[in-house]
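Every chain is named by a letter (A, B, C and D) in the order it is written, and numbering of its residues begins at 1.
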């Protein structure tokens, strides 16, 4: 049996959603690790892009920032934001983007800006960054979040980035060119979206969790299909590759 | 007495309108020669820009094209059209631009597109190129033309580039940020614009020509001030510099 | 993509031109005398393409060839002439006869139309054109040529030019790797925006280099591989125009070309000799002569 | 300009910061961990500037310093956090208390606002923001935050973001000559547009090089001298952030900074020690220690 940490599990899980040859917005953190892992396994020709301006990046060391020089060495082009977010993303050339969020609603809309009211915010979060742009224009969106009931809300405090908005037809109404969220990965489960209603739906639960665990930890109505499989575990190969990619445990953690 | 050809005279005359430290759109041909001559004499810090993307150019050999590699060697930056026509020109950073034309009217409006009707053009001319942009946004415009009566018309066949349009207030109405034409240099005379009416006005006649010669060779009403001086001749130094700049007579002509 | 798929991007000039159906719209790269995709124009002529629409800021010999040979029917451009030599004679005749229709813009307007296309937005605002016949007269786009609006933020009048996303972008560069990462030396003209606005991008390159060469200086890559659909590697693809750091223009040839185009007969002589009279680009280069071509090679540090 | 006038562009950090009056608007260069003008933020703090408005896509430690020390009052930005470490603690407290007001945009929206400012047009069209609270909610710009319009060419809805032309642009680069020609290694972020949109441009450079060096590779010049009003030459101007090809970030210092900012007392300790407790940038560098600084120097070929 393969031993793995929670972070390793999540990175391996996310990496399976990257397909070979795709143009991927990598960012930093777990999504980056997932994209790099995909490149080292089933998606060697994935084109890893950082919004800061790096294209087809092949970092030897894991970057801490989207603008980190670690993204530079071995990349094919180093340009800027108008290139990545305008010419590439807004023109519909990004296949998959990764986003995190502090809150998500049942249509996959995301809040990364404020907790509390807009008028009197309790907590200022990082803001959109390129998140709104990626959510608007990437063909598919993979959302990664830590699973905390308060994050899975009926109503967002602030909608920073568009998921499926109010359901079918609403992205089209605003002319958004991307396809919206495809999957939400938490440390408890994977969720996708019901094609008819575009509402969030349980897709698989991670080993050690039950459907009820998940239902107790969301504040909206989650669609639960008849058959909810268990999320596949990482392979030994995936674990080893991750540790080669992040030998100092920058993302994987030193002790794990 | 200094001996000079017609071309040498015109280049020297035009060069006097370039001031030190100015940002100048050089183009090719006589204007380029004039700008280079100005840099070699009274305006060593003129910043010569080619719309193709060359900035602070110091060509060793005279370029034939605005995109000529001869503009590259020694320049401080080689970029592109959005830079020169957008960031530099449209943002109001060009002090002086040179233009030629096939037709000019009494407000200094220019035609470089069609002779004959727009519907059934007799002669297709080069078109605007960057001309309309330069005429719209450069602080001052120096127009150089061969003096032919048919070119100095009451009504243009087609208005490619804005001079003073219909007179006072009309550039402002369209939000044009440049100041419009300042001087028109022909092989017969220099003309400027009456500050009140913004109509064209005789400024000086070249040696060998009279005011009547000029009046016989324009089809509109030319304002003639009481005092019309003779245009200064080139100096020996200017002639020598020009021949150093254009040793093969690309612009000066081989035989002259 | 596998290694073999990657290499599939590299095709011949003939194959590349075959991809362009009659009636297509093409962004046309290069500016003035620099990096004009002449070899591609020749091959379009040899393949007897018809009814193309060409979008560019300013082109010269290539436009003359394409309108002369009845390949291009419509032009949305700012400038056509042979700088320093004179008017574009073929174009003049074709416009007078009504064979070619031109929609007139300025260089900035066209560059912004390409920028808008690359950004995938419907229009771009500019401060040029206003007050002139460029606003009031349209050859065929009618009210789709441009719009003058009042700035909704209260800043007065502004002109909106419609973005262009043509079927193809044709761009000539100095060097490319097998993936399609392309680097340009010297000025880029409007080729950054132009290479990104077309639905398909065909890159003509003087030289194929190893991927390591590109990845050694990624901040010099102006066209990343992800935009590039096809690569054609050809020497002297811009002759008689120039290619910075590779070769100078051939002034004698240019003058000969310009002189011949003064009459339809002269143009046909050039067409039948230099373009239709040869099998391919190498046939053309053989006809020009390798002595001459080598004499045009750029010298360091000048680049011409 | 004469030789002496040219050299007048080079001023000290103190002189540069003195040029910025209270209440000014500043484009703020750098992106993420790369080329952040930290030294300039420090000096604004030492000179007790007030009520500045900062325009940028994403900034981190510099914003924390400027909001923490009550220098910046308003932010029009897309992102503030310390990537990999966590939330921007100072900003969080200043927003909660109402001391700092933020107008929220996305990275593309801000980059396009700078592009529009550089092009001197009133707005730029984008396809982001729509359908979200970024459209419906404004902190202080009200209906000047943006406009959603129907594309007059018939292409559906489009969002117009207003261009920015702030009083100053502050940009940090690797090298500059005495005229002001600046070259950046690695990614440019939004600094091409940002350097051109401000009414005055102050360039911070790690290194002053001869004019020949710049003119040897003019297609690497990303900021021509004609845009540059003032030059400040300083080593390690981005510490604890990084400067490609010059030095890496100082992760230990960053973690210490982030940890201290978790409380107002901790932040004041950092402020009084590292910023107000030193006379100038060299005082700060001495405090950090040259052993440490040298250990951060970039190695070839990696650039970090």
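Here is the rule we go by: a contact is a pair of C-beta atoms (placed from the backbone, for glycine too) under 8 Å apart; a residue touches a chain by one contact, two chains touch by 3 or more.
Bear in mind the structure is a predicted one, so any value in this text is a computation, not a measurement.
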Touching both chain A and chain C (chains): D
Chain pair showing more contacts of the two, B-D and A-D: A-D
Chain B and chain D: spacing of chain centres that average the CA atoms, whole Å: 40
Centre distance in Å when chain A and chain D are each reduced to the mean of their C-alpha atoms: 28
Averaged-CA centre spacing for the pair chain D and chain C, given as whole angstrom: 38
Averaged-CA centre spacing for the pair chain B and chain A, given as whole angstrom: 57
Residues within chain C bordering two or more other chains: 120-121, 126-127, 155, 158, 186-187, 219, 301
Residues within chain A bordering two or more other chains: 54, 72, 78-79, 82, 86, 90, 177
Chain-to-chain touches, reported pairwise for every pair that qualifies: A-C, A-D, B-C, B-D, C-D
Of chain B, residues touching chain D in the complex: 20-21, 23, 45, 47, 54-56, 72, 74-79, 82, 86-88, 90-93, 177
Chain D partner contacts - residues on chain C that touch it in the complex: 116, 120-127, 144, 147, 149, 151-153, 155, 158, 160, 162, 185-187, 216, 219-220, 301
Contact footprint of chain A on chain D as seen in their complex: 30-34, 57-58, 77-81, 83-84, 87-88, 91-92, 95-96, 102, 104-109, 111-112, 115, 126-134, 137, 155-158, 186-193, 242, 244-245, 248-249, 251, 298, 301-304
Touch list for chain C against partner chain A, complex: 1-2, 118-121, 177, 179, 181, 196, 211, 214-215, 218-219, 221, 224-227
Chain B residues touching chain C - in the complex, by the definition given at the top: 28-29, 51-54, 60, 64-73, 78-82, 85-86, 89-90, 109, 113, 118, 121-133, 136-137, 158-162, 165, 170-171, 173-177, 250
